[in-house]
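Right after this note come the structures.
Okay, so chain A shows up in both of these, paired with chain B first and chain C after.
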Partner chain A sequence: MRQTWLIYRKEMLGMTRSYQLLWVPVVIMLLVVMQPITSYYLPDILAASGSMPEELLAGFPIPGSAEVMVSVLGQYSSFGVLIFVIAGMQVVAGERYGGTAALVLVRPVSSASFICAKWAGQMTLMLISFVTSYAAAWYYTVLLLGPVSWREGLIAGGLYILWLTFAISLTVLFSTLLRGSVAAVISLLLIAGISLGHSLAPSWFAWSPARLLMIAAAAIPGSPLDSVLFPTITTLLLCLACLVAAIWSLRRQGIPDLRGD
Partner chain B sequence: MNINWGLLAPVIALQIILMLTALISLARAESVKGAKWIWALVILFGNIVGSIIYFIAGRNEA
Partner chain C sequence: MTFLHVDMLTKSFGSTTPVKGISFELERGSCTALLGPNGAGKTTTMRMIAGLIAPSAGRISFQGQHHSNGEYRSLIGYLPQHPAFYGWMTGQEFVMYAACLSGMSRKDARRRTTFVLEQVGLAEAAKRRIAGYSGGMKQRLGLAQALVHRPPLLLLDEPVSALDPIGRREVINLLQSLLTETTILFSTHVLPDAEEVCDRIMMMRDGEIVENGELQVLADKYRRPQLIIQVERNNAANEWLQSLRSRPFIQDAQFQGSTAQLTVNNMEEARRIILDEVSSRDIPLLSFQSGTTSLEEMFMKVVTA
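Up next is the complex of A and B:
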């Protein structure tokens, strides 16, 4: 435990020094906050572009707060995942091939605490980014477009946190198996594949982690909740499996042989 | 088109913070991929995307 805590502290220090702890939350906040603002000003923006007839503009509806919150969530599952995966792709690979892992792992540090600390670092980054940006988007939505139900909003946020946790665990695993950008590409393809599979055949993939996204999007307008239990359990098990596989793989690889490079 | 600037001020502040962070990181980096002045232009004129690209692709991490 102490070991894990020490590596975690070092990881957070590294993230502060590389400004990751600042730029990732800021970028996500910008991405997400623009959603309610552009929806609110959409008629103005269209009018300024000048190609829409007046009558059409007059009847142009400003979307409701629920619709905008759903599109806010959509930003997390597209650009949000992209940024978290790219920010996390070097998390293990960078240290293994940069040679720092060799320094850390020659000491009696177990692969388990190494991977857990790395994962916890990425999770901290994700939680900080998610909570700040979700709160900001919520604030703007309420300010501009009307109230959002507390219960549904929080449930949807929680389900998205679970999905992002899954994305991060997958990235940690592939960052252990492969080098940097290859790890990011494969993680993103897998995540995209899982969401696509679910949207093509929802009934076959009722257990899929991607179901969480659908439940969250349906929850916000206040429709009755599907059972969250099944996809939640699969997601947690898959996260655990990713971490165990990462630990096992790191232990088996040991320290990469840098003489060969 | 009347814009409520008070509403947009936090967003503009965030953009400025992002750009300044990228510039400070660039100035303090010992080496980056490619020339520093090109990255400075990318960050200054590339808006949000320029800074993101710098953070992802420009930094030389050992």
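Up next is the complex of A and C:
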């Protein structure tokens, strides 16, 4: 337990010193806050560009707050996932292939401590980024476009946190198994595959974490909630399975030499 | 008393087998040098003992305890050949982190960190980021993190190869001062260093141990009387030098320019005959030195045999 805490603290210190703890939240915040702002100012922007006819501009619809919140959530499942996966792809692979893992894992540190601390570090980064950016997007949406229901907004946010947790667990697993960039590509492909599968054949993928996204997007406008229980449980189990697999394989594959063997 | 026992240790990667069933024991408080040419399997052996890669076959036990239960980890201090660190940490933070991971209390870790950084000569650089360290400083930091938790067994993979002569001297002295309390296994191809610190040597070739024993015993076994003769560069002298090759008292001869290195059977006879000829033929002799073959020649003999 003490080891886990030590490695976690080292992770956080590393993220602070490399400014990751700053740029990831800032980039994500910019991405999502742009949604309510551009939606609100789009007619003005178009008018300023001068090539739009007056009549068209007058009838230009400004989307409702619920619609904008749904598009905010959409940013997390596209660019958000991309950023978290890329930020986390070196989390274990970097230490394994960079040679520092040899100095850490030769000590009495359990694989579970190592992987859990790494995962917790990435989760902290994700939670900080998500909470700050979601709050900011919510604030601008309410300010510019009208109120968002507390209950639905929070439920949708929670479901997205769960989905991002899944993405991070998957990245930690592949970062343990493969080299950093390959890990990122495979994680992204798998995540995209699950989302795509769910949108093509929802009934087959009703169990999958991607279902959470659909439920969240449907919840915001206030339509009755689907059964959240089933996909939530499978997502949590999948996260756990990813971590267990990462812990199991960490020492089993051997720690590569710096010269690379 | 046996501290580390290695029995039929084997490692294969696909079709290659860098370590082929080696067995040896290390006594508590002994210092053993693992010698061998590049690719002999030294690093692989070290990494298996350190628990970083799993052996394909064979067993390793510490103080009679089997290797696989993981408790041995606190007994080991390991310095890899190319130690890597987090560049954004300071030297002091890294050693502190390593000490705490090995289970030392914060207070104890802090005191030991200051002490070992002083010991390896990094006291002044302790508060600087590792990214700005030179190669030699990283090697010293690697040594500091291996020593910080007072491990009873030190595994050092090429600890001095990356250091300049001064740094090498310091590290050798440091290792000598540790000898009473610590069992040391270090790999090197710098033979004089091995000679200076170690009481035992183990030579590996192609994944097998070809010689293992007390340094003195091995040295006696391989030591041969030797003559080194240097003459001025001219044809007549060179011809004479080359002709020494076929004398009955010469066992082995090597020539480098106008210098001959002769391994002889009978020193008295060789010295008398050669010096006679030098004066009778008026050979322009530059130097004449008699001694015994060095550890390096023994190394060459064993690993190329």
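In the analysis below, the second predicted complex is superposed on the first by the 257 of 261 C-alpha atoms of A that agree within 3 Å, B and C clash if a C-alpha of one lies under 4 Å from a C-alpha of the other, contacts with A are read in each partner's own complex, and residues count from 1 in each chain.
We take it that contacts are C-beta pairs under 8 Å (C-beta built on N, C-alpha and C of every residue); 3 or more make two chains touch, one makes a residue touch a chain.
As the structure is a computational prediction, the values presented were derived from the model and not from experiment.
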| item | value |
| --- | --- |
| Touched partner set for A:Q90, first chain B, second chain C, both or neither | first |
| Which superposed partner A:R252 touches (first chain B, second chain C, both, neither) | second |
| First (chain B), second (chain C), both or neither touched by A:A47 | first |
| First (chain B), second (chain C), both or neither touched by A:S18 | both |
| Which superposed partner A:V33 touches (first chain B, second chain C, both, neither) | first |
| First, second, both or neither for A:L6, with chain B first and chain C second | second |
| Chain B/chain C common contact set on chain A | 18, 98-100 |
| Touching residues (chain side chain A, partner chain B) in the complex | 18-20, 22-23, 26-27, 29-30, 33-34, 37, 41, 44, 47-48, 83, 86-87, 90, 94, 98-100, 136, 143-144 |
| Parts of chain B lying in touch with chain A, wherever the complex brings them together | 1, 3, 7-8, 10-11, 14-15, 17-18, 21-22, 24-25, 48, 51-52, 55-56, 59, 61-62 |
| Contact footprint of chain A on chain C as seen in their complex | 13, 43, 47, 50-54, 70-71, 73-74, 76, 78, 80-86, 88-89, 97-98, 100-103, 142, 145, 149 |
| Chain C-touching residues of chain A, taken from the complex the two chains share | 2-3, 6-7, 10, 13-14, 17-18, 98-100, 102-110, 251-252, 254-255, 257-259, 261 |
